[in-house]
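Naming follows writing order (A, B, C and D), and every chain is counted from residue 1.
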Amino acid sequence: MDTPSYPSPGYLNISVQSEDFDIGLELQQLKAATPQAGALVNFVGLVRDMSVDGKLNRMFIEHYPAMTEKALHHIAGQAFQRWPLLGVRIIHRVGTLAAQAQIVLVAAASLHRQAAFEACAFMMDYLKAEAPLWKKEIGDFGEHWVEARTSDEQAKQQWKLPG
Amino acid sequence: MDTPSYPSPGYLNISVQSEDFDIGLELQQLKAATPQAGALVNFVGLVRDMSVDGKLNRMFIEHYPAMTEKALHHIAGQAFQRWPLLGVRIIHRVGTLAAQAQIVLVAAASLHRQAAFEACAFMMDYLKAEAPLWKKEIGDFGEHWVEARTSDEQAKQQWKLPG
Amino acid sequence: MKITILYFARIKEVVNYSSEDVVLPDGVETIVALKSWLSGRGETWRKLFHGSGVVRAAINHELVDDMATVEEGDEVAFFPPVTGG
Amino acid sequence: MKITILYFARIKEVVNYSSEDVVLPDGVETIVALKSWLSGRGETWRKLFHGSGVVRAAINHELVDDMATVEEGDEVAFFPPVTGG
């Protein structure tokens, strides 16, 4: 794991892995690491069973190993700078995943709910636009790389600070 | 459980209970009930161990039994009307809870992340402002009812639709 | 007309009841009129409804404002601003 | 100067390499110059870097734009817009 490039005054744990994860266990660990927390917000992304081309059987996620964790640390570091967070947990899976499998977990712990909600949405928007991961969908239609959506880039832009 | 007062084209499950809940199990059930979902967002509220008056030992949550589930159904119904949600799960605990105990779970499932994020934040803001629940903090300082925060009313107001 | 009134949280502790059935005199047909009528019971009640604290009301499990109409058989509830979540 | 170039996802499949070490001629010192130089390898490369698809670049694991400077020993990566999450 890389050293975070930004200060992270709270708890930070980032994993890029092929194995599945247990949401309940992950949130329990985040909660245990942030005993002052009053709010936990988490996002889980799942493999949808439909692609634009038809029914999807599985998904392959490629990534840039030396860069992925660094990019996720950078994103989490920005969230720690912008919101009073107590802890962050990020997991992104890579490799071959079945339909409905869990792909990504982003969780934030804070005293009050607004910081956790905003930071969690911010980190997902940045992850979608900046983390070096690529999805390939595999189905009866054959296989294709997922096209980047301009809405994901726009979602990131909305977080830009003025000036 | 009351009949929802609003249409809920998706999966909806609301509980008001004294028992604790298992976040992982709840999200697994929500996921199973919404096989098309690509995004799950959930909020968990926890009893903080500090009150404005000092260290908190436990919290007592009173509610208006005949009205609480109805109010939560109303809130979830509004979320289903405003966002393309596939499913919603809400649990609110009542009675005596220890410091760091789980108080509330609000989870939303949708195809894409934005709907789930917004609906989850919306439901929490409305729950805080409209659901008939009252917290009493108990600590070395004695006990006191928690004061409503004007920021919670403001958080609700921001969701008002124009006109 | 006869209604049931419920009290919750701090208000329940102040009035020392959790519920009561009352028969309202003619003319007491709104929440604001009901608050005034209850205030006639004495200092505790007057301070409750005319003091600095906000008292919210529900009729038959729906939040209402002061101008809402009370009808025969209604369940009226008085409580402080909510603090769940 | 000598650098390492990595290719990912669709681009890796197009060029049919995942990585290569290359020695750059004098004057090739930016990402845009590197793209032009690689385009000289033939039609596949020219279409990759000058076609309709966006090609993103990173130097030493940091996202960069076309004007970024390439230095001796750098790890340069080319990849399509990311689609994780």
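The rule is short, and it goes like this: a residue touches a chain if its C-beta (ideal position, glycine included) is under 8 Å from a C-beta of that chain, and two chains touch if they have at least 3 such contacts.
Quick caveat: nothing in here was measured; it's all calculated off a predicted structure.
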| item | value |
| --- | --- |
| Minimal step count in the chain contact network, chain A to chain D | 1 |
| Distance between the centres, which are taken as Cα means, of chain D and chain B, whole angstrom | 49 |
| Distance between the centres, which are taken as Cα means, of chain D and chain C, whole angstrom | 72 |
| CA centroid of chain A to CA centroid of chain B, Å | 23 |
| Per-residue multi-chain contacts in chain D, two or more chains | 85 |
| Multi-chain contact sites of chain A, meaning residues that touch two or more partners | 45, 113, 124 |
| Which pairs of chains touch, using the document's own definition | A-B, A-D, B-C |
| Chain A residues touching chain B - in the complex, by the definition given at the top | 22-25, 27-28, 31, 35-50, 100, 111, 113-114, 116-117, 120-121, 124, 155 |
| Touching residues on chain D, where the partner in the complex is chain A | 6, 8-10, 54, 58, 61, 63, 75, 77, 79-85 |
| Complex interface listing, chain A residues touching chain D | 45, 61-64, 66-67, 70-71, 92, 103-104, 124, 127-136, 145-148, 152-153 |
